[in-house]
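Okay, here's the structure, questions in a sec.
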Amino acid sequence: MNFVGNHIISVGQFNRLAADRVFEVADSMQPYAMRKNITRVLQGAILSNMFFEPSTRTRVSFGSAFNLLGGEVRETTEVKASSLAKGESLYDTARVLSGYSDVIVMRHPESGSVAEFAEASRVPVINGGDGPNEHPSQALLDLYTMRTEMAASGQSIDGLKIALIGDLKFGRAVHSLCKLLCLYDSIQLNLISPPELALPDDVLDLLKAANHTINIFHDMAEGIQGVDILYVTRTQEERFPSQQEADKYKGLFRLNQAIYTENCAPNTVIMHPLPRDSRAQAQELDDDLNQNPNLAIFRQTDNGMLIRMALFALVLDVVNEVDKNAQPVTWYTARRHLPI
Amino acid sequence: MNFVGNHIISVGQFNRLAADRVFEVADSMQPYAMRKNITRVLQGAILSNMFFEPSTRTRVSFGSAFNLLGGEVRETTEVKASSLAKGESLYDTARVLSGYSDVIVMRHPESGSVAEFAEASRVPVINGGDGPNEHPSQALLDLYTMRTEMAASGQSIDGLKIALIGDLKFGRAVHSLCKLLCLYDSIQLNLISPPELALPDDVLDLLKAANHTINIFHDMAEGIQGVDILYVTRTQEERFPSQQEADKYKGLFRLNQAIYTENCAPNTVIMHPLPRDSRAQAQELDDDLNQNPNLAIFRQTDNGMLIRMALFALVLDVVNEVDKNAQPVTWYTARRHLPI
Amino acid sequence: MNFVGNHIISVGQFNRLAADRVFEVADSMQPYAMRKNITRVLQGAILSNMFFEPSTRTRVSFGSAFNLLGGEVRETTEVKASSLAKGESLYDTARVLSGYSDVIVMRHPESGSVAEFAEASRVPVINGGDGPNEHPSQALLDLYTMRTEMAASGQSIDGLKIALIGDLKFGRAVHSLCKLLCLYDSIQLNLISPPELALPDDVLDLLKAANHTINIFHDMAEGIQGVDILYVTRTQEERFPSQQEADKYKGLFRLNQAIYTENCAPNTVIMHPLPRDSRAQAQELDDDLNQNPNLAIFRQTDNGMLIRMALFALVLDVVNEVDKNAQPVTWYTARRHLPI
């Protein structure tokens, strides 16, 4: 896979070499994301951050990542603020906006919309999530987090034991992650969900074709035993036919410190693509886990910055320029480095 | 007309010398807009991009143009996000915001609002569209596009033959363009619209006073013969008393490749102020024209960047500073230069 | 009070030394805010400007202040654009966003929300207004304005005579200002409001404990006599149980030039936290005061830039770096310096 000048639309574009290349570049972004140094490698470049569906985390993360490389961000949020509402096609929007920018990140509620948009774009487009379909930077940051969390114990991605917990049917983060895991060897996946929210067959088939070990559970306590990583998800309420239907599954699997202590090996990593639903009736990850040093959910979002910086640097072909003229950060940064 | 420190509110401010000066400066912005070089001439300057009415194209275009000159953009969208909703006058808003910025672009749904705002502003204000009234940067980019599209064949703006097609009553882009055309000599205008959506008399009188040739048509095929440029517009639905009323005129004039081939001379330029309505019932410009090299609609929006960069540079008096310390762009830009 | 790395949540954090330090640093920001010089001291730093309640003035002012120090701004407006709507806790939002930014400004409709958010943040948080509770930068800019307006006549904050006029019950600006005034000596406060909208007892008790002189009036003409400063406020309609209830008090106290001339000493300063309600039924400050050179309301918002630049510089510990490598502004700025 060649990154330079290309669109990042789907995890299906990645082979193992390409994924590892992203991770390697992400590693090199650490001094900038941690505010040890600044770089101005993309000074004068413009990111169009197009969010036709609400998002704080992904939108700000992409925007900040671009700023950390020295570039500027022009942002559009929600479809009603847009000429799409006046009947403009994705083709036209892409043609026009790509004339204003050097790279575009797009989130849109419809599957396939970002690929359609990218085809007409005159600059590289990165998929920031196209409805229930794909969210490749999320999958990359999830896998990168597994890689970095396990590094301390000498464990690589090959051979990992992962429990996927919750709404495995509608969670696009889970689907994309599974596809990326197919690039690696000998993964054990414990799939924990209510039967109605099981992982779709097409994703299951891919995992089987990759010779991974699949175990299916409907009971969480049983399924989380002996794994390296717990990957917990929220119920994707907005994808259900009705709120009532969604509410049936809310809070079905709740992980808290007591359950963790009783069932998990020490240092079992806890991940979640966020947002976690902290309302009383949901709480898929209880607040009492906030002091657990193995709760990796905020290291995960921090890693999102590294991954997005890496994607920009790769696509715009500046990886080898980033460190040139790097300068030390002179403002206050100490609070950031306190242990979480 | 002196640009330095002044507001750009109306095409009525421009004489021929001033319009030509904008075009000349716009030409000089090409290396920056095409990402050959970067300039930081406005580093440290702040644009307040105030959009009290939705717009993607104009808003992002002004913002990106300012970024390309090295400046920062602070943005406000929609009136409800504003203290105008708490009864604040335009006078107060202008007084306050001009203290935060170096230049302001404002779009507002009411005619005359931007002029009223500008009167109280302590920094230059550029009209980004005040309801059905004026949108001077659109008129300038339209005329600039005619100038650059015709340059290859040695034709200047003087003596042009232009067909204006569609809703000529409510289209402010058309009105402003007509006013600018009055600065030039011997234009032939074929006005093609349903009788109810004819060009208003006051605009017509200006064109006649400029000794331009006016021909009126209700049939498109007839009206587009022998012209240099087709300027197609959408029905300005939002200006009609009701959607039903607007729907009567939707899709009345549809240009497609077959009609073009049958009626137009080779190299007849196709323009549109965008957005074009690509819904089945509208399609004033059919998708089958997308491969026609004379379809200039995306060169038109690209030119919008040049015109807006020129206006900022003129108003803030940095035209002669832009090229100083220009530096080559080092990131990937090749896709942009592929033929459209 | 130590500023470096700390949150600015409440005026209660400030002692007199700290307030004076902010004012001193604000003074030093004048050349940058007035566009004589530019500084790039925060180049590479990112402000997350989180506004979960509409605001133009405060939002743009914080954003522009950060830009003037050379930093970048990532913005989020309104709660619906946020994952708070998906049940995310303030704790999680803070954990995540503080990984993307170097400092956060937050406005939120609920009292105490910003403090709760700050506790989980890994970077300094500045309160941009938490519902009816606190808005410390507004109180600081108000006091700073009193200080600078009175400096010409040799009067310091100690010993000031101030009339507070209007809705003293719900106006958080008034409450925070009163708390700051408790740090100074021998203030005389004329409280002018309808009995139902009187200053709350807890604030009154603080003023008394500071040995300030309190006079209560229900008649404006009487209350404004002999004071140095008129601090006028609008009715905080959005805090009333109903619009009808709010309308009872709208326009109850209207200051205009005739009343001013008849009752006030020459050079009595007129202030207002803005927005002022200029609708016919409100007009707490009449338009005919706009030519009165003692109307300080726009110098007040200009001062907001200085105060916010000072807070950023103090919290991020770059006060001593600001002037290093300062460069002259080369673009047009003359209109800004015309007398208001």
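Note that the chains take the letters A, B and C in the order they are written out, and that residue 1 is the start of every chain.
By our rule, a contact is a pair of C-beta atoms (placed from the backbone, for glycine too) under 8 Å apart; a residue touches a chain by one contact, two chains touch by 3 or more.
Owing to the predicted nature of the structure, the values given are computational and were not obtained by experimental measurement.
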item	value
Other chains in touch with both chain A and chain B	C
Interface sides of chain A and chain C: same vs different residues, half threshold	different
Cα-centroid distance, chain A relative to chain C, in whole angstrom	39
Residues within chain B bordering two or more other chains	72, 75
Residues of chain B touching chain A in the complex	35, 38-40, 54-57, 59-61, 63-64, 67-68, 70, 72-73, 75, 77-78, 234, 237, 274-279, 282, 287, 290, 297-298, 301-302, 305, 327, 329-336, 338, 340
Complex contact set, residues of chain A against chain B	4-5, 41-46, 48, 72, 74-76, 80-83, 85-89, 91-93, 95-102, 121-124, 315-318, 321
